[in-house]
Amino acid sequence: MLIEMLIDLTLACGVVLLSCLSLSAQRVFTAIVLYVSLGLLTTMIWARLNAWDVAIAEAAIGAGLTGALLLVAWRRLCDETAAQPEA
Amino acid sequence: MISSLALSLLPLTVGLPLLAATVCAMTSARRWCVGTSVVFSLLQLITAIMLLLAIQDIDADEPLRYSLGGWGAPLGIDLVLNGLSTIMLLITAVLVVILSIYSIGYFADNAKAARFWPLWWLLVAGLNAAFVAGDAFNIYVALEMIGLGAVALIAIAGTRTALMSALRYALVGLLGSLCYLFGVALLYRVYGTLDLVQLAAATQAGPITWASLALVSVGLLLKTALLPLHFWLPPAHASAPPPVSAVLSALVVKASFYLLIRFWLEVLAPATTDFAMNLLGLLGAVAILWGCIAAFRTQRLKLLVAYSTVAQLGYLFLLFPLVAASDSSPNLSNMAVTAVVYFIIAHALAKAAMFLSAGDIQLFNGHDTIDKLQGVARAQPIAVLTFAIAGVSLIGLPPSGGFIAKWLLLNAAIDSGHWVWVIVMLAGGLLAAVYIGRVLNVAFSQTTAPTPTTTRPRTSMSCIGLSLALMAVLLGFNAEWILQLANGTGESSVPGMGALK
Amino acid sequence: MTQDLLYNATGIALFGIGVFGAIVAAHIIRKLIALNIMGIGVFMVLLATARHGEITDPVPHAMVLTGIVVAVAGTALCLWLTLRIRLLDDVNEGDPQR
Amino acid sequence: MFTKLEFRKREANRRELPPFAVYALGFVVIVLSVALMFSVVVSGKAAPKLAGLAAEKLEASGVENPVTAVLLNFRSYDTLLEIAVLLIVAIAVLPARSSNAAGVAHFCSADKQDVLNPVLAALLRWLVPLAILVGGYLLWTGAYSPGGAFQAGAVIAGAGVALSLAGRHEFLWHTTAARIVINLGLFVFIAVALSNALLTGTTLQYPVDYAGMLILVVEIAATVSIAAILLLLFTELKAMVDAPREGRQ
Amino acid sequence: MTLNNVLPLLIIFSALLPGLLIFCTGEQQLKMRRSLNLGGNAACLVLIALLINGVYGGEIFETRLPLLPGMDLVLHADTLSLLFVSLSGLLWFLTTIYAIGYLEGTKNRSRFFGFFSLCVAATLGIALAGNLITFLIFYELLTLTTYPLVVHKGNSASLRAGRVYLTYTMIGGALLLAGVVWLKALAGPLDFTATGILSGMPELDQGHLKIIFALLIAGLGVKAALFPLHGWLPVAMAAPAPVSALLHAVAVVKAGAFGIIRVVYDVYGIEFARDLGLTIVLAGLAAFTIVYGSVRALFENDIKKRLAYSTVSQVSYIALGTAIAGPIATIGGMVHLVHQGLMKITLFFCAGNLAETLGIHKVSEMKGIGRRMPLTMAAFTVAALGMIGLPPMAGFVSKWYLGMGALEVEAYWVLFILAASSLLNALYFLPILYAAWFKTADQVLAAEQSRAQTPWMLLLPPVATAALALAAGMFANTLLSPLSWVELIAAREYGRELLRIVDPAHPSFPLLAFVVISPLLLAISLLIRPLRSLCTGLTPLAAVPALLVALFVSAESNTLPGLFFGSVLVLDQTSQTMLLLAAILWLIAGIYSKAYLAEDKHLSHYTLFFLLCMSGSFGLTLSQDLFGFITFFTLMSFAAYGLVTHTGTDEARQAGKTYMQWVIVGEVMLFSAFVGLAINGGNTLNDIDMRAQPSWASWLLMLGFGIKAGLLGTHFWLPKAHPVAPVPASALLSGLMVKAGLIGWSRFLPLGEVALADIGWVLVILGLSGAFLAAVAGVVQQNLKTLLAYSTISQMGILAACVGACLLVPSLWPLLSSALLLYAVHHGLAKGALFLSVGIVPALFTRSPARWLLWLGVLIPALAMAGLPFTSGALAKSALKNSVGELQWFAQLLTITAIGTTILMARFVELIAKTGRDASSVPIKLSGRLSTYALLVLLVMSLAYVIPQAEAFIVYAYSDKAIWNSLWPVFVGVTVYLLGRSYIESFNFNSVRNSVATKVNFDYDTSTKHIEDVGFRFNRSIYQFKIYLSRTTATISKVRLTQMFRFQVHPGIAFMFIFVCLVLTLSANEHMW
């Protein structure tokens, strides 16, 4: 029971921490990466909350696809090195 | 019997547009889209009319419910139909028919048409879904449909301003719907149901109800663009293609307002306080004045119309203090609700007409800078006439729907002894006259510049705008019929009101 | 019960952080991340609510699933709009040089 | 608010608001959050009425996984609208149909002859079928245990993403086939819903005997569409990113 | 759905549908548009006729469409609404014709006519509105539909006008809306009822009702252009002329005024409103607006702006009438709704014609315009005179009833307002008329001297409306005149029956009316070009009917109930004698004129005024009703202006101006006095209770007729005006027209019934002093005719003194009246002969032997004036002396006056001798004059003896005492003259002449500088006004303003005005005591 409590507490603190970090990150890329990690951590919480369906969906869509989309956009918006050669 | 049969058409209000959307999306050929849309818009109109007949036929105190999937609330989802929602459905159907016809002419381009029509129908589906929704979470999905659909439609214009304002609108919309969802989550947590009627029966004032009311309200207010939260509206409405602007101003913001009414006066009524209601009214009053001033100061015609929407939305919010003031008499609050319903209809028609005419003018002149529109009255008499007639309704001059609406509001305000609102309403009318007069003055002046060579919009399209404007005027003569509808079922539409105090 | 409260609190916190970020951050990607974090907060409250000891309420789960899909759709639309604006800007910036 | 959107690379985490406002906002958000937490703590929690109900009605739903039952039977209307939401975004993003591609029936082609990283190529050769298999499994198993259309669709879309990233395959979204695939989910869903209305008299009410099968049909169609739409979102964004700097239009 | 239920709706549709259809017609589909327009017009008029018929028969017409629960759209045809409906319908028809002509070949006509029809539809809706909400709806609709018309031209001025217009009306609309909603909340459905809705609800909070009233009136006042809210109206003049006509005459301002009527009567109920103390405020506001608008109009040079300010002023009459709160005032206010509409639309049509045909926009450009556009200016003149309130134009009727109404409720101050307004109106309209008719054109216009071509479509409407305005006043008493209709309304509003007592018309031939009308008929046929020379020739014959009647008809009475307020012409012994005198003088003067003016270029003008004047003279002699008397009095006074200024010299102009100023003042006084008389009875002398005459009215009568009679202190115009006219005209002026004053006194003062010692003393003192002083003044004159004019003053002084004596001792009247008549006949003939003798002076110095006969001819009237025994003068004087009874001192004084007269006559003869010698070289054909003169001299010798009044006195005249009494003054006089002759000569030539000359010069200078050039003056005054407003302090500008006034108003007039005011105030106080 206690362990479960601890796990829950850790996960909760981790999620809050990650979200803070993600939003305060200096670089956008870091923010995205942190957000993806946040998504994965959330997946664990969903699992802890007995929401397996949601966990799977979160992993695939919430963290995975959203992250991918953000990264793709980041390449155009912020990543000068990737864009330079084509110009 | 007939009515129950008609009632089984209720899911069609959402189903028909969705079907139309898929058909349009699949074919993507313009003529197919057009054909489908015409057929479906008419079908939808027929459905709405039949529902109207049905609800007039039934003399029930309870709103009509339709349990989707046969499960029934709270597990399943119910659709709810009352006088208010019937009116909203009807006005939507009417506007959709007219605007669809306009759009046939406007989106002659294949690529744009292929994108427009499915989105158009999805948006309509979202609107209808919101109007008949009886489930808090369902409302969330409907709101998302409306929000994202509107964003996508704005983006069709393709200009940078349009994309930019669409993006801002999308962000605001997401923020708003998340707030709303949070509120719903809290409600679900406390009351264990999502069904609005059951929620209404269960709610008690308390911190968590207040919190969820606040969250729900903030979310909906963001989408309704009440004054401090209106910043996204003018550019978005101004930069969209005309039929889209029309539907945005006429219906989309009204949908979230409609939901606000439902939450404040029905679902969470026990948690509302006079102070909060008056605050909403105050914001509405400021919105009226500020919107008018902003409309007057702006340089662009469509922006002017959009700011006018901000101002007109302000009137709607005067409902809340009026209801709050009518503690002892349900008659009075009924009057206020009726007035606002009327206002919604009148504004929907007038504003749609106005956007269409503004779009015409922009199309013809190649720009919509007001100061350079000298002599438009001569070049485009129909468009200017449309603008003027719609303006009449917006100012609230008789004979027009706007006048009746304002009349009813004033009546309610005076009856409840709220002089501040009376003054605000009158001042708002005057200010509206100022900005509309400004446009007309320019339009009637003589041209010095040569006539632009841009293509002239087809007269038939201009006439559609005119027909809308005329409908807004005719509304001023047919008031009783609509009011009976709003009033006769008004008590059932807002059942919480009787128990408000 | 404690788990419920814990995750409720966390959800609320995430929501608050998300709101703060969504309003304060200027960059569009950060804004979207913030919005998504808000979404996670809401979902957490819902899912925490769903847990009643042994029984699990499936309705919030379904709601969250729907929410996730809607969130990703919204995010994608925003990003698409952003990129189109960027493309237009690039064209406009490029023009004078050519 | 939301007026100074930033699109560029900017290392510093710029803010839309002046510092004072930021602090004030932070303070307000913290206060409100604490108040919210407090109110949550104070107020009780409703009895799990719906959980019981769902469990009770599970048998009649045609599936055994309660979440799927809720999604596709009890509250299938939400799901229907949700797919519509996806469709909105898809149509918004969908590239315009070019006239020369009108007759193309297939929307996935492997015509691009780019030389791939052999490792990636090999990975792809395994990964894609595996993903599809997993997707199929998730779809199937959704009726009994965690899983379902969304998850399956996401996984299959993931495969598509991989393919797209590998650069070998191109998805031709402007084709009619693509449009049909995208719309399939919603269309089938509505068709089933309306046919239900004819069968049972109530929209979205499955006949008890055929519920499982019909749900599966809907789920399959939905999976296809979801996968396609998610893939579409990704590839379209990627295509825009890859567009030459001077723009595509 | 019977016809009664849809008829009001149909009327509105008859204007609405054409409007909507016209929008659909193309710019080039002229015929289509015209037929739509006129078809709608015709349909509307037919429907209105149906409606009038029905309402008169008491049917109920009501269309009721549900609008909101408890709020219907009600169209209801009651008498009041019909008044406005028929006005709108009729004027719409005319304005449409006008507009079609006016806009020929311009752009955007479909739009214009479309909105035009909509505008009318809105006006009809306002008229027919059956409750306040319906009224509000159409009221706002009117605002909207007029806006495109105001900005129709699309230039910056009209855009500005549109903006201002919208600003004002929108604010007004908002206030009105607030008031209506509030009232609705308090009182329910607000259907108009004849006695007011609110009067039946005493439980309502009066404070609220007062605020609501203020809101409503403020909202309506914007359109009605009440004082602080009138700003839009002058600016809105930028619109095309038909729009100005429609806006100002009918639609917009009237809608406001009509609304005020509705609110006061049908919503609040007049008694209730009065009890709330609301009407007095409204009345004050209206009164201020009346004066304010007039003053502003005075300083406008732009014709249309002047008319606009005039509208501001005139529309407030309606509000005033409404607010005075008495049935009669109500009639005045409501009837002004129609009357002002007719008159003002005429003015605007004319202004439009001027602008359209000649490009004239400024008052200063109007010189000589009368010759270029006679019809237009004739219409303008009729309307302008009506605006001033001159009878028999429509404006008079309104003012008459307003004045009576005010007296009815004892609101005496209203009379001041009316008087002031009339004066101001005259001040700003008469210069226009003067410039148009009596001035020669500027070079620019003179270059194209031909008559201007104005299309018939532009001419017909103003002429028609002018005719209507005239007819509305002339035939005020007929069944379908606005006045009768309004009386019906008032009766219903007050819930009582106002039955007018009208004698049934005699089927007999209206002989007396024919006497009066025959000169008029001739004057009218004079206007027809081909008949002109013939008519000029026939002029003297116009007096023949009068002569025949005076000679051969005894005691005849004609009642014409349709004319005026029921015209009564009576031929009794008194009037027969006066008519005889008049007929003789006019006949002789007519023949004389033919000879005298044979070579005059402008003979036809002279003849025209001559005939008009003749008609007036006959009419006032015979009229026994107030309206008729004042009408003919006015006709005579105004027409005489044409005679006075006929020679066109500067001196004549100057004299004419002075004459006109006094005439106007006199008119105003008489108007007030007559109103005072009418309030105590009715319109005819039989009905009026003379004993109950208010004393202020007596004072005013004394003064007003005193002006005409040249009473001392009011005589200043006389020595100027009489000499400058052509000789026959002078003869008439001095011989006959001054007697109008006497007739007035004897007819309207309570002579023989009541002793009015104060007035009597004043008259006696002024009369006798006048008799002496004028003789003194006359003696020193160099000009023959001036001398005679002073003699007239002197003689009239005697008559005035006699009248005064009657007021002192009423018992004298029966005898004295005969004596007065005798004296009047004597003086008229003798003075006429003397004046005519001036025209034959050259003949006195020919070498023909007949010249001695001629000298005798000159001497006979002169001696008769002096009163030598056996002349008519002796008879008359002895008659006077014998009838004064116990007032011996009076008789003595009368005898002494003869000395003065003798001196004057002696001087006259000498002057003839002097001037004749100088002038004798000029050969003139004099035979025509001489024969006429001879005839007159014969009459002088004989007539006084044959009139019936003389019978009683002949006995006295030939007693020794009488002969002695008439002889010695002549001796004394001749002696004194011979003694003082050299002194008079030196006095003349050395000292006085210089000062007089300088004075004349000075007058002349100022006149050239400030008065001669009307346009320049106005230009300059505006310019200065603006400059001073902007650059200097308010005080300085005030000083400047008074300076300007000083030049415009003769000091004498100013003095008189103040005097009248004082008297009125005092009498009012007395009344209160």
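As written, the chain order gives the labels A, B, C, D and E, with residue 1 at the start of each chain.
Keep this in mind: a residue touches a chain if its C-beta (ideal position, glycine included) is under 8 Å from a C-beta of that chain, and two chains touch if they have at least 3 such contacts.
Keep in mind the model is a prediction, meaning the values are calculated, not measured.
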Touch-network distance, chain C to chain E, counted in steps: 2
Chain occupying the most central position, where position means C-alpha average: B
Chain separated most widely from chain C, comparing mean CA positions: E
Pair with more cross-chain C-beta pairs in contact, given C-D and B-E: C-D
Maximum centroid distance from chain B, chain identifier (CA atoms): E
Whole-Å gap separating chain A and chain E, where each centre is the average of the chain's CA atoms: 97
Centre-of-Cα separation between chain D and chain A, whole angstrom: 18
Separation of mean Cα positions, chain D and chain B [Å, integer]: 29
Euclidean distance of C-alpha centroids - chain A vs chain C, Å: 11
Shared-contact residues (touching 2 or more other chains) in chain D: 1-2, 5, 7, 10, 13, 36, 40, 45, 48, 50, 54, 67, 74-75, 78, 82, 85, 88-89, 92, 148, 150, 230, 233, 237, 240-241, 245
Numbers and ranges of chain C residues touching at least 2 other chains: 8-9, 13, 15, 17-20, 25, 27-28, 30-32, 49-50, 56, 59, 61, 63, 65-66, 68-74, 76-77, 79, 82-86, 88-89
Touch relationships between chains, expressed as pairs: A-C, A-D, B-C, B-D, B-E, C-D
Chain C-facing residues of chain D, complex: 1-2, 4-7, 10, 13-17, 22, 25-26, 29-30, 32-33, 36-37, 40-41, 45, 48, 50-52, 54-55, 66-67, 69-71, 74-75, 78-79, 82, 85-86, 88-89, 92-93, 148, 150, 226, 230, 233, 236-237, 240-241, 243, 245-249
Residues of chain E touching chain B in the complex: 65-69, 73, 107-108, 111, 133, 136-141, 143-144, 147-148, 151-152, 154-156, 159, 162-163, 166-167, 170-171, 173-175, 177-178, 181-182, 184-185
Contact set on chain A toward chain C in their complex: 4-5, 8-9, 12, 15-16, 19-20, 22-23, 28, 31-32, 35, 38-39, 42, 45-46, 48-51, 53-54, 57-58, 61-62, 65-66, 69-70, 72-74, 76-78
Of all residues in chain D, those that touch chain A in their complex: 7-13, 65, 67-68, 138, 142, 145-148, 150-151, 154-155, 157-158, 161, 230, 233-234, 237-238, 240-241, 244-245
Chain B-touching residues of chain C, taken from the complex the two chains share: 8, 15, 18-19, 22, 28, 31-32, 35, 38-39, 41-42, 45-46, 49, 59-60, 63, 66-67, 70-71, 73-74, 77-78, 81-82, 84-85, 88-89
